[in-house]
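Please find the structures below.
Across the two complexes that follow, chain A remains constant while its partner is chain B and subsequently chain C.
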Partner chain A sequence: MNLKDEIRNFVVETFLFGDAGGLTDDSSFIREGIIDSTGILQLVAYLQERYQVAVADDELIPENLDSVQRVAAFVEGKRNGASCAGSEG
Partner chain B sequence: MELQGVHSFLESSAAARPDKVALVHDGERVSYRLLNRAASRLAAFLVQRGVFPGDRVVIMLSNGVKYVASYYGVLKAGAVAVPLNVETGQETLSRLLEELQPVGIILEQGGGFLLQQLPLAPPSVRFVLAADASFPVCEPRLVWGWDEALGGEELPAGTRAVPAESLASIIYTSGSTGQPKGVMLSHRNIVSNTRSIVEYLHLTESDIQMVVLPFFYVMGKSLLNTHIAVGGTVVINNNFAYTASVIRQMAEEGVTGFSGVPSTYAYLLHRSPLASFRDQLPSLRYCTQAGGHMPREIKERLLQVLPPHTRLFIMYGATEAAARLTYVEPERLPEKLASIGKAIPGVTVRVLNPQGEELAQGECGELVASGDNIMLGYWNDPEATARVLDRNGYHTGDLGYRDADGYLYVTGRKDHLLKVGGHRIDPQEVEEVLMSSGFLLEVVVLGLDDPLLGKKLVALAVPLGSDPSDRTLLSFCHARLPRHKVPGEIRLVAALPKYPSGKIDRASCLSLCS
Partner chain C sequence: MTTTTGFSAQVLRLDPQRETDRICARIRELMRNQVKRGGVVVALSGGIDSSVTAALAVRALGRGRVIGLEMPERHSARETLALSGKVAAALGIPTRVEDISGILQSVGFYEKYDNAVRMVVPEYGDGWASKIVISGVANQPRFTSFYLVTQDAQKVQSTVRLPLQPYLEIVAATNFKQRIRKMLEYYHADRLNYAVAGTPNRLEYDQGFFVKLGDGAADIKPIAHLYKSQVYQLAEFLGIPEDIRSRKPTTDTYSLAQGQDEFYFSLPYQMMDLCLYARNHDVTAESAAPVLGLEPQQVRMVYRDIDTKRKTTRYLHLPPLLVEEVEWE
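Up next, the complex of A and B:
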């Protein structure tokens, strides 16, 4: 399973109770009511544990985390050592 | 001062400073003139739809310009604004619509399912206004789009006389103790509380408030009314989940005030770049906290982390009080850290025993409040109203005492008390001790049914960094609490379920345990 599928699975299982419904790679987690602020913390905890990436406080912005696509790109960037939105502080 | 309708806050500010920015949201900056015009056009639309004074209009919109225009528009038409959580489940919504018998519903895509299921709505509903859609013209019609509805003339100010005692809004409590109850607030309730808050926070037209709390929650509503009343600016950010984006916008907009509930501040302290932005918030004049008890540890940390010029107001209130009852002056906070302060102007809070007699300082009883801000009662529920309102005022359900300096303290809620073995335990005390360990982001202490003890104490805790062992936490408790108050079990979880206001949803926490 690729990174994006894994993240999508986590979101579907954790926040949508297994029902992927209309979730697309670009669905906004917040605007579409998929995840609330508590859920974002769960998502971040998952990313840190599953992919062993550190998520800094100033990286908690929608550009990094607000869709399956964005999360996948964020994690990918972290793994490749690229700088992510917000990391310049 | 003559008491006017809640919407006259907007009308006065629009007359005094029409070009001032009233709202900032998602790159949109709306002046007082435009906001007032939108509200007046909506009011005219409502009157054309046959809305009469006292009719209920449900607003199911997330925070935004259309919410604000709808809220004041409904009030201008003399109707009753009933904001509901946009995520209200179908079953609850059906029940609420049945008991409200609203004349109309204003909703957006999030409530779109309602559009498909109009049979859900009671026959009282004569129109549905879809704020983010438009519809082809066809008559007779039930559903309207926003632009069509606001395309007509404005309702001239003062067209509908609004007596101070008339019902302005019904705000539903979060339902943490049973079914949500509709709190009926009159224009007098809201206007008097708004003026009182403006007075003690010294709000002026220079103030710029960052709002991350929903307007359908009473504290969000009071942030809106107080800043519109003084001609200030409200910056709406619905992305608090991404704390860094909120802090950045606070710096960019030169925000002067920020407000939150305890979890808002727990997140800001531990999951945001607040500390590193300390030097970039030169305008942040104050932060306010209400919406429940905030652990001492968080208050202490906030005092260290907030910029030195930022004053921290710890406050206390209730939906039934139109928002606010008491506050601690920031100058006294360090010495009164556990206090909820003293009553705000125009409000009296007394500590009474079950017989209604006032207790001496240091004696614990129920906090009972009176003043122009106390609600008219619960919608359609005279029994529940009679349980909390009597000649002494509003019975808050909070237990507490007054110290020698007249400062009030809440020790817990009557309905949160847990009977464990032969002891009555207030979970707040145990939560406070667990938070003081410094290992946790947040915690809730619950009573699980137990065949031997009646209830067994279980803590659900969200660790801050690396997981502390439950042994570490338990031995921390053992050193500070009598044995019967030490939780039988501590479960570490990634997050605690919350209401949209950010308050911890104890009922959902409990179902997590079972």
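Up next, the complex of A and C:
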């Protein structure tokens, strides 16, 4: 399973009770009411545990975390050591 | 400043006499026609909302039908009891003091709270204090994140971002305070055949700043339609003592003093009131920004935060949900 599918699976299982409904890779978690601020904490905990990705304070922004696509790109960027939106490095 | 849309800081001015009369008439009507209890219990925190609620109840029902409950605990601010007592004395209502520290101890609150804090600050212990604060959403387009501020015995403070589990454990433990207080309010209401008056203002009610079945529970909520600035206007009209009117709004929930704007709202209440009013009346960010002294982009972020909080706290307002409607009337 590729990274995007894994993240999508996590979101569907954790926040949508297994029913993906109309979730697309670009669906905004916040705008669609899929994830609230506690949900973001859950997502960050998952990324840290599953991918050993540390999420800095200034990376807690919609550009990095507000859709399956964005989360996958964020994790990919972190793995490759590239700078992510909000990060200073 | 008034914009071309008519939006200004003056939009929240009200006629205190007329509003007081309107609220009092409604309280009497609700008590007579729906609640059908002889009086009300009001939990007095020494803050502006509970003081105004009690004063309105006294005007509506008479001081013989209102009882104030003062419920401090180990972490309460030192001045809390003195201020709530002062309000009760000014209103001429009887009070009962219920120190809830013993109940909190019995349910393991202090131990649970300290253990949760130690998940991120292992050295936390006797002589330390702490609180939760949020990141300011008005300054940058970020998700709200939660930070634990601790202060050691030497008064040195440090801040750490809270991961999921300690955050949930701290909030869950802390919610005992609001729920235990509500349990005692209903105990006294039941023994007196009274109802419970809740004390949320519009900001708290609209934005979900309350604990379900804690301070969110009540039979009537006389000031839930008033912006906090309007509560202050009524407070002055109703003769609430000056030291309560000039006190900075606090949650009085954590062992370190915590302003409401640190924990829940993204701006001080005067600005949050205006933002919420502007949002409710379709004032554009461009029109609201100069009145608030903010950039339009910041106002847009606050609007987004208002919408998000409404959406994510909606369930707090809901009654238990049924599989199908059950006719009972």
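The rule is simple: the second predicted complex is superposed on the first by the 88 of 89 C-alpha atoms of A that agree within 3 Å, B and C clash if a C-alpha of one lies under 4 Å from a C-alpha of the other, contacts with A are read in each partner's own complex, and residues count from 1 in each chain.
Here is the rule we go by: a residue touches a chain if its C-beta (ideal position, glycine included) is under 8 Å from a C-beta of that chain, and two chains touch if they have at least 3 such contacts.
As the structure is a prediction and not an experimental result, all values here were calculated from the model.
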* Who wins on chain A residues touched, chain B or chain C? -> B
* **First, second, both or neither for A:77, with chain B first and chain C second** => neither
* Which of the two partners, first being chain B and second being chain C, lies in contact with A:57: first, second, both, or neither? -> both
* Report for A:40: first if it touches chain B alone, second if chain C alone, otherwise both or neither. => both
* Go through chain A and flag every residue that touches chain B in one model and chain C in the other. => 30, 33, 36-38, 40-42, 44-45, 57-58, 60-62, 65, 86
* Which positions of chain A touch chain B when the two form their complex? -> 29-31, 33, 35-42, 44-46, 56-62, 65-66, 86, 89
* Asked: Can you name the residues of chain B that touch chain A in the complex?
  -> 86-87, 110, 238-245, 248, 267, 271-273, 276, 462, 494-498, 500, 502
* List of chain C residues in touch with chain A within their complex -> 135, 140-146, 161-165, 167-168, 308, 311-312
* Considering the complex alone, what residue numbers of chain A touch chain C? -> 30, 33, 36-38, 40-42, 44-45, 48, 57-58, 60-62, 65, 86
